[in-house]
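Naming follows writing order (A, B, C and D), and every chain is counted from residue 1.
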Amino acid sequence: MSFVRTPDPTPGWLSDEELAVIRQRLPLLYVEAVPVRVDGMGQVTEVGLLLRVNPDGQISRTIVSGRVMYGESLRDALFRHLEKDLGPMAFPQLPASPTPFSVPEYFPPPTLGQYSDGRQHAVALAYVVPVTGTCDPRQDALELTWMTPEEAASPSVSAEMEGGRGALVRAALASVGRLP
Amino acid sequence: MSFVRTPDPTPGWLSDEELAVIRQRLPLLYVEAVPVRVDGMGQVTEVGLLLRVNPDGQISRTIVSGRVMYGESLRDALFRHLEKDLGPMAFPQLPASPTPFSVPEYFPPPTLGQYSDGRQHAVALAYVVPVTGTCDPRQDALELTWMTPEEAASPSVSAEMEGGRGALVRAALASVGRLP
Amino acid sequence: MSFVRTPDPTPGWLSDEELAVIRQRLPLLYVEAVPVRVDGMGQVTEVGLLLRVNPDGQISRTIVSGRVMYGESLRDALFRHLEKDLGPMAFPQLPASPTPFSVPEYFPPPTLGQYSDGRQHAVALAYVVPVTGTCDPRQDALELTWMTPEEAASPSVSAEMEGGRGALVRAALASVGRLP
Amino acid sequence: MSFVRTPDPTPGWLSDEELAVIRQRLPLLYVEAVPVRVDGMGQVTEVGLLLRVNPDGQISRTIVSGRVMYGESLRDALFRHLEKDLGPMAFPQLPASPTPFSVPEYFPPPTLGQYSDGRQHAVALAYVVPVTGTCDPRQDALELTWMTPEEAASPSVSAEMEGGRGALVRAALASVGRLP
């Protein structure tokens, strides 16, 4: 395996093999979003969690999450992953501020940290994003489930969250003053 | 002058005289908002500043600002003052997070601090608020002027801002990654 | 009862009677601090909660909390209450940033909000404050108890917190990346 | 050039050649710190900027900045680069909160953004870090210059900052309530 040094017509694109190698060498930069519904006063009323079937057939919950590509702004990456995970009619309201509410660090297990990712060391910039339209998750997510803040913060939902993201959902709720 | 202790049909209401006395005794709690326009990606493109004529005939610029009443939530106070200063068709998007980007402290002059208010000691919770509708300032504000971030942060506009709020507008721009 | 309008040798001072009246008329501004211990890398390792006996003899837990006086900066108020509640040898490290991690709103019950205060409507600016010295709570606080983040966030400790501040302690932990 | 897949005794280490290739393929994750002096009340009094000679002999100013390695926590990376750039006796007080005050995005020029880096696409988590000891910059930084907030925010100092970091220093000052 080797990198091609000729000019690249698709910058940011990496073969699966190249990415697999890099994942052992560098922390990868991610953006993550906790989709929420807000009322007319901006108060968060519901949290949207993605339900999906993992490659091993196990069902788990997660949030919107994806890699930032070479040359891509954080804002563009956030929008692209929101559209990919929630569909084109979700109409997310991207935050005016690019400062995340939290910066979760995912390490391969065994890890002493809160968050884990079996594939890689990843650092994510995490945002709370109100969506105003209709969500239509792509095929590998079975469903977007809307929950109250209380449900989303509960131990039973937390136990189903991938990579320890239950704590991240609670931190998201805390950042909007809605952690029970 | 004295306070009436009978049950109050209009809680939070204070006579001008009572308020004048309290202003010498306690810091008053304010909410303030920097109105902005955002593009489809949530990026701030313009800042709205109110142009007004002060009681002494001098023209000055300011932002949305007002007192929090007894029993009123911060969110309700913010919405009330946005509607009062920008009109009923401004359609402000109140932030999901109640945490302000800054907490300006206004002291009567002479003051060593950044912000001043001749009437009182006030502490404000300041927010950046995207507005999506049409702004129609009330009578005592002549005009809402939309400016680029560069204009809003300029020394000439700063010099026209009431109470030192030029620094607050720059801090607002910094909080959304748009300070030149 | 009436306010004295002559120059006040003790600005910010209010008689108990005056304060009692104002508490029915205006939201009062508070600062609050969650004392923490940090390790050499700045990571929060312990949370300090005050154990105290209420006037009715009931034991409860709380955090550092107190009113901002007329003419007093937030930073001075925070330092004054830290010294009052933790003693003169606590050596708190006040945050460089005056922006709070949360702005809890306390309303008299019955309230739909998270936080309550039987005496008044109060709005607090809440900070996480590392202390590096020895804490020696004043007489009406029996004890400062240091806990792990897990203990401090637990339902049993939350149930003992005054005014619903269990949620505030969890929000404090979330803000430093230590919410379980 | 190729990646070695055998277990790596120095994880996170990349040859210069490998790094050069990856820099054209992926955004790299950085941590950055604006060193400050604070007074006894936590208020920022001075900002420290590094003066250095670039490879082309040009003199420029910058802040503490460096890459996050594979398997390294943000906190460890921040501490490592502070020690590397300020020396072992600087005694930095790492923030309790891992949330940055800003997330500058550096793109290779030509760029429409605020920040640029000729070598790569980098995204940095930027922190304000009080230092309490004696700073002794390493060889390739000539000097650490302490300035008042007013000096650090001035156009003349900004013009000397690498990659547009003058705006970042102003955002740092805004985050601690010290932007003029």
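In the analysis below, a residue touches a chain if its C-beta (ideal position, glycine included) is under 8 Å from a C-beta of that chain, and two chains touch if they have at least 3 such contacts.
Quantities reported herein were computed from a predicted structural model and do not represent experimental measurements.
Over half of the residue numbers at the interface between copies chain B and chain D are found on both sides, making the touching surfaces mostly the same.
More contacting C-beta pairs link the chains of A-D than the other of the two pairs A-C and A-D. One finds 34 Å separating the Cα centroids of chain A and chain C. As a whole-number value, the distance joining the C-alpha centres of chain A and chain D reads 27 Å. Listed for chain B are residues 98-99, 101-103, 175, 177, each touching two or more other chains.
Considering their complex, residues 102-103, 114, 167, 170-171, 174-175, 177, 179-180 of chain B touch chain D. Per the touch definition, chain D reaches chain A in the complex via residues 1-3, 5, 8, 11-12, 14, 18, 21-22, 24-29, 68-74, 98-103, 105, 107, 113, 121, 123, 125. Chain B meets chain A in the complex at residues 36, 38, 41-44, 75-76, 79, 93-99, 101, 128, 130, 175-177.
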